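Here's the structure, in structure tokens; my notes come after.
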Amino acid sequence: MKVIGSVKEDLSEEKRIAITPDIVKKITDLQLSIFLEKNYGTHLGINDEEYKNKGVNFCNSAKEVLEKSEIVLRVNCPSDNEVGLIKDKSVLIGQFDNLSDKEVINKLIEKDIKIFSLSLLPRITRAQTMDVLSSQANLAGYRAVIESIEEFGKVVPMMMTAAGTITPAKFLIIGAGVAGLQAIATAKRLGGIVTATDVRTTTKEQVESLGGKFLSVDGVENLETNTGYAKEADENFKKKQEELLKNSVEKNDIIICTALIPGKKAPRIISEDMVKSMKSGSIVYDLAVNQGGNSAFSEADKINVINGVKVMGAKNILNSIALTASSLYAKNLFNFVNNLYDDKKKDILINEEDEIIKKTLIDKKL
Amino acid sequence: MKVIGSVKEDLSEEKRIAITPDIVKKITDLQLSIFLEKNYGTHLGINDEEYKNKGVNFCNSAKEVLEKSEIVLRVNCPSDNEVGLIKDKSVLIGQFDNLSDKEVINKLIEKDIKIFSLSLLPRITRAQTMDVLSSQANLAGYRAVIESIEEFGKVVPMMMTAAGTITPAKFLIIGAGVAGLQAIATAKRLGGIVTATDVRTTTKEQVESLGGKFLSVDGVENLETNTGYAKEADENFKKKQEELLKNSVEKNDIIICTALIPGKKAPRIISEDMVKSMKSGSIVYDLAVNQGGNSAFSEADKINVINGVKVMGAKNILNSIALTASSLYAKNLFNFVNNLYDDKKKDILINEEDEIIKKTLIDKKL
Amino acid sequence: MEIDPFIFRLSIFVLAIFVGYYVVWSVTPSLHTPLMSVTNAISSVIIVGAIIAGMSGDIKGILNTSNIFGFLAIFLAAINIFGGFLVTQRMLQMYKKKKKNK
Amino acid sequence: MEIDPFIFRLSIFVLAIFVGYYVVWSVTPSLHTPLMSVTNAISSVIIVGAIIAGMSGDIKGILNTSNIFGFLAIFLAAINIFGGFLVTQRMLQMYKKKKKNK
Amino acid sequence: MSVNLLAIFYLISGVLFILALRGLSSPETSRRGNLFGMLGMAIAITVTFLAIGNFSIGFVYVLIFFLVGGSIGAIIAYKIPMTAMPELVAGFHSLVGLAAVFVAISAFLNPQVFNLGSPGDIKLSSLIEMSIGASIGAITFSGSIIAFLKLRGIMSGAPITFKGQHYINLFLGLSIIVLIFYLCNTQSESFFWRLISISFLLGLLLIIPIGGADMPVVISMLNSYSGWAAAGIGFTLENTALIITGALVGSSGAILSYIMCKGMNRSFFNVILGGFGSVNSLTVNNKDKKPVKNGNAEDAAYLMKNASSVIIVPGYGMAVAQAQHALKEMADSLKKNGVKVSYAVHPVAGRMPGHMNVLLAEANVPYDEVFEQENINNDFASTDVAFVIGANDVTNPVAKTDPKSPIYGMPILDVEKSKSVLFVKRSLSPGYAGVDNELFYRDNTLMLFADAKKMTEEIVKNLN
Amino acid sequence: MSVNLLAIFYLISGVLFILALRGLSSPETSRRGNLFGMLGMAIAITVTFLAIGNFSIGFVYVLIFFLVGGSIGAIIAYKIPMTAMPELVAGFHSLVGLAAVFVAISAFLNPQVFNLGSPGDIKLSSLIEMSIGASIGAITFSGSIIAFLKLRGIMSGAPITFKGQHYINLFLGLSIIVLIFYLCNTQSESFFWRLISISFLLGLLLIIPIGGADMPVVISMLNSYSGWAAAGIGFTLENTALIITGALVGSSGAILSYIMCKGMNRSFFNVILGGFGSVNSLTVNNKDKKPVKNGNAEDAAYLMKNASSVIIVPGYGMAVAQAQHALKEMADSLKKNGVKVSYAVHPVAGRMPGHMNVLLAEANVPYDEVFEQENINNDFASTDVAFVIGANDVTNPVAKTDPKSPIYGMPILDVEKSKSVLFVKRSLSPGYAGVDNELFYRDNTLMLFADAKKMTEEIVKNLN
């Protein structure tokens, strides 16, 4: 019986967990045994008891867990320290970043550890159940709106009352990918007036299908790659987009930035001037802050107030909904393991024919 | 020309202001001149310039303002210190509490100051435009939901996704007065499943008119007074209510408490056991915390975590939406002044025939 | 072996009843009054009988009772015909779709 | 001064057209096929003519051409009558509101 | 003119009458329908003249009576105010009835003119036909007179019932049959006159017990009677035009009254028999017996479809009925029809601040169609229809006029200034403040009594 | 039996036929309508026998032919599979047409039997009537045969057009008129036969160019023709039953085909003239020329109203059309009709996680009616109707069967297991994944081509 293990990660950076009680049974049904570190989920209100009842084994330290584990599930990249503890030739599955995690990855490869990074998952239909990017971006989009509203000194929905009319808050969503669409939906639900913009023309219909208005940059091509992602925009486009947004930004109360380009720095879309043109009390929430930020003044885990405009962004927004985020993340992981694991051989089977396995595997030094 | 004045209040307790730029013109149209203290609205992003442009005069200190003012507008009761500064025989309008503000009120009356407390406003149709209780309770209801959601580690709306289904959050609203109804509306908007309960039977239809479910305590009378408020419940009722809620509370994720009885301590509705019966991660937001609280463990401006359940409440929840709250409060105040002020005599006219004036005036020591 | 014309008339009568029955089934309520009014006007086709009655007899006998009743019937029916159709026309004027402002 | 029976028939014909016209206006599309089928069945009332043709003449002449055509017409029309009405009945069976479970 | 040609022309005029009735069943074709009717009538009259071809002194008299009568009719038609339509139709009806009686009398006195035999020796079938015609004509006449008086207000609109009325009517009806029987046996003039008198009486008694609210049904029914009378006389005179038209009018009138009864939720037979269940259920709620105009979804749809602008005024009732989605759909339909739609939200509509906004937003009503009171109140005066759905207090003008009213001083939405006001609510009961709303009784108000959601859905159906 | 009595009976059977047609216009009364039709026919046949009263050897032959024919008809009616209905009706039609021709021939050969004069000296009017009857009968016959062959699939359903066809038809039509003219002049048998042959030919040519999709209209039109033929012969035979019924069938058939054309958005005249605009617009998108069943809102409403359970499967198209409110209303209507309604939400329906949930919540769909795939997938097999609105990929069974498909391996909603599947989308084009969905071509699938919101609103209208 192969052993699958997971240890506590640095709670100051990551509150999500890779194995939730929900997926324990699914894993053990695959004839894998699970080892977790003590107090694995307590910070989320999940007691070790709950796991134990479902058949999970607990160890007192990360070291013990990693010594036993042939498959290690994680949320983020292990620390340098942990790399040493992971068994050689074991399998490590998580979400890694080719840039910031480069060194650790190289060390792991030296130990002949098979690294699967779900960040590299192809966006094909069959991979949807393992798509952590989607599942987490979706929650991030929701949460960005909630946190913006919490910070917003006014009321979002329109209210016509005996003491006067409260006009509805105006939202501008930059980038209508998974996170952007959920942000649109959430803002609409609360009664905001929602506009969104994107460089991919197909998103217009999608934005409208959620009741939002779409702001198109006129007369430019569709910047969509054949994998469904955005391409970097050229100068001409950037100028036109800036022109368009300049007028729009100042009319909005809350801006949620979600624009990303895979493998590149996030495009800078909201300029300093734009932020300054906004009304005092407005909010800019930059979900792209960790990729360089879509907005001027945005800094992770800080609220910068510029002329009364609050520009904010979180290093890890998912920590604030870690319960839901973990539950989806764990399911994605399980589905990935399920696809990787050969039921008959009772072992991991690296089928190079399988696009999902092939694309997520990191087996060369970066 | 009579002078109407307002000074900054203690920002640590009150961020709302009594005069917003919106109502300046309306006041000056009544041939009143306005004096404000320096930096009156800066904490809300409203510059003195904005007021000055509309014809407001500024003084450097509260003292100067109060020396000039024949009518003083406030949000809360003045401090002991300020009482001395207010001119004898002037008029003071604000929201005062017969209990906690008793001493100050008595001092003011000694100075022959006419005190009008909008907290005493009769809930008659004509008074609706001055009804600060409604306008502020409404915002409080909205905000309580937003803050609860911000604190809530899960997602509110139902989402059926490739990584599994997220079940919708369940809300229970205790008390379906103005605040409760707005809480219902806001929670519904976000996709929550909303149940509400109240002692007044007419609220059933009102709850349902917002798409909420009503939880009726069976077989008891309607505890509504003829002024539309709730009466204190008897033991029999309380027992039945407890029975009913016991089962319901543990199924809910977020509880918003708004139940009040005018002039009395707020009813204790959520017992310690009930809080403990809730799932870890649940939220109890107690809007009644300043009146004694509807829930066990609730303390103003604190989040008490009991078995993973967060019980919270704010001393002044309106501070977090001070902009909107001030705008409505100021309009209410203006409407009150407008009713009090005789256009021809260019003076305050205390018409004892007028139910609104009669009921709000405090002219005897408490 | 000729069929009695009465039978034909009866057939015609029966069929006309069906026509009348089906023809108004789908009338919109807002047209009830004009429809009644036009039906009323049409029913003064009785004037056909009145004319025959009024014009009967020769020149001398033109003023016998039967003719006089005929004249009166013509008079009444004529009021109805003109009044009925014209008033319907007036009512229907109201149902003209108003010009939209732009 | 008797009216030609043709005129009566014409009147009957015209009125029947109106009846036919109005009677099916409001039919639901799902009934188009059965309606066509029943109309088809009804149109084989031509059998009346066929019967007259078939039974004409005396015993000896019963098998002259005209009769034979009559018989054939009867045969065809009869297929149609029985087939038409019965098949309509079958079709309509489908339109019976299904019993709801519970 | 040959009898055959004559018959063909009568057939044509019959067809034109059919087309007339058909045309009147939808607003688009209604004017053309009326023209068909006129044409049919013109043909019938002309060919009758031509067929007789006796342009003697009789013709002059006929012409004079015709023209005088026609002019009077035309004048009445132009002078009468639109509000007096129902009673006018009733009045006209009485004339048709009387005309039928006169024709029957004429035929009875002078049967040879119509080829019915000679006085005292009239063909049996003709005699039966003409007495039926005369009797129904007489009933129509006197019944219509009563209807006219009731509608005009000369006679009380309340149903006048008395004990045993049904027995008396039954007795009169039987007498008519007996009289016809004797008349056929004896051919005696006196029976004929008695027949007519009793029929007059029966007409009076039949209509008197029926309440004013049911008068439209009664008129339509009398219409039907007059058709049957014409058909009866048509058989007597062997006149196809009369037969076709009579049958047409007879059956369509009967159907129409049936449809109207259904529309008003009244039993057809009770109305026709008179006085049975004639308490008007709507007047019951209306303590002061003030009349309200009571419409249905079709009327509302028609009014709004033809408006150039509609202002929707939502209130607590919309919320209770959860009618917001249907309402949005209604607005969409109207907009498709080119109608300008806006929403007027009163600051205290509903039961919590912003109540209407929550629901309108839920139904995806665009914010730029939603106006607060101050910004839209002046628009009512230039609006065709104010559609008030489940709102009440916020429209009540008593807030401006009666200082004693609990809502005095509240600024209200001036819905009453628009051309027509539609009120959707379930009854005449008051709103939150408990004050009666006098708008319900205004002339330009149409009440739509129903649950707000159901009614709105009905209206949507009728808009399409 | 006296001619008068006979005529009255014929009138009665005519009235019964009217009631039959009326009955067939709504599902509730349809079976009763059919019975009226049978009764009318029985009366017409019986009284005809009685009138002739010649129960000689002729009667025996008549009876034999009648019974043999009747039995054959009955057997066909019971044996034929339900799917063959349209062609069956077409086939039956041809028989009526032929019967009309035979009667006309018989009358032509033996006019004295029908009181039309003697052979070679037939009354002019009768001759005209009978030749019109025969000609229309012949057209009906050959036209119906073609319709039958096309529907049966023996002949290609595609419209067969060739240059100048309209001129040929015109020429044939004119020839018929000329022939009738000569026939009347000469009373020559040869003209009569030529008339019939040319009419046969015309019938063939008229129908051949019409496409299979328009066949129902054609059948109804031929129905109408056979009615006119019967009426023509009715005039010849001076038979009221034939005249009434013929006119009834003739006009109702014409109206019915008009209504059907409107329902299909086709020009009536194009269909009737054949081949003009007969390219079936729907087959164009269908590259493989696989047939799809194409329904309308009424069909959908009918199917769902009579279902005991309906599962709604929303997809991205519902979101694009913003059909959620209309959908909720549809579900409400269905629930009122006692139908159980649930929603099946696929995990990746739409374009973002939880896309459908947002919209369903907006429309206030109760959460307990919304099921995730795992919990509802087994219910499809026991469900009457799956209503798929703007979803596509998530229902595509290719995900289970074709490992090469880009969606292979995605769990899908098993809508195809339900008794009927309704697909609301605008065309046959594929969804996000770009894969054709074979469900569209299944036997138990009905495609509803329209914008999701419009179609749903239409269905709601039809549900009420």
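Per-chain numbering from 1; labels A, B, C, D, E and F assigned in written order.
In this section, a residue touches a chain if its C-beta (ideal position, glycine included) is under 8 Å from a C-beta of that chain, and two chains touch if they have at least 3 such contacts.
Bear in mind that the values here come from a model prediction, so they are computed numbers and not experimental data.
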Steps needed, at minimum, to get from chain B to chain F via touching chains?
1
Based on CA centres, what chain would you say lies at the far end from chain B?
D
Since chain E and chain F are copies that touch, just let me know if over half of their interface numbering is common to both, same, or not, different.
same
Among the chains, which has its CA centre at the largest distance from chain E's?
A
Euclidean distance of C-alpha centroids - chain B vs chain E, Å
56
Chain A to chain C, mean C-alpha position gap in Å, rounds to 81
Averaging C-alpha coordinates per chain, one finds the centres of chain E and chain F separated by a number of Å equal to 39
Quick check on chain B: which residues sit in contact with 2+ other chains?
128-129, 134-135, 138, 157, 159, 161-164, 166, 189, 191, 211
Multi-chain contact residues (two or more partners), chain D
2-3, 5-6, 8-9, 11-12, 14-16, 18-19, 22-23, 25-26
Touching two or more other chains, which residues of chain E qualify?
14, 18, 22, 240, 244, 322, 347-348, 353-354, 358, 361-362, 364
Which word fits the touch map of the chains here: line, ring, star, complete or other?
other
Chain-to-chain touches, reported pairwise for every pair that qualifies:
A-B, A-E, A-F, B-E, B-F, C-D, C-E, C-F, D-E, D-F, E-F
Considering the complex alone, what residue numbers of chain A touch chain B?
22, 44-46, 128-129, 131-132, 134-135, 138-139, 142, 146-147, 149-150, 152-155, 157, 159, 161-164, 166, 186, 189-191, 280-281, 308, 320-324, 327-329, 331-332, 335
Going by the contact rule at the top, pick out the chain F residues touching chain C in the complex.
3-4, 7-8, 11, 14-15, 18, 22, 240, 244
How about chain C: which of its residues touch chain E in the complex?
5-6, 9, 12-14, 16-21, 23-59, 62, 64-67, 69-92, 94-101
Please give the residue numbers of chain B that touch chain F in the complex, ascending.
157-166, 168, 191, 193, 211
Report the residues of chain B in contact with chain E in the complex, numbered from low to high.
124-126, 128-129, 134-135, 138, 178, 181-182, 185, 188-189, 205-206, 208-211
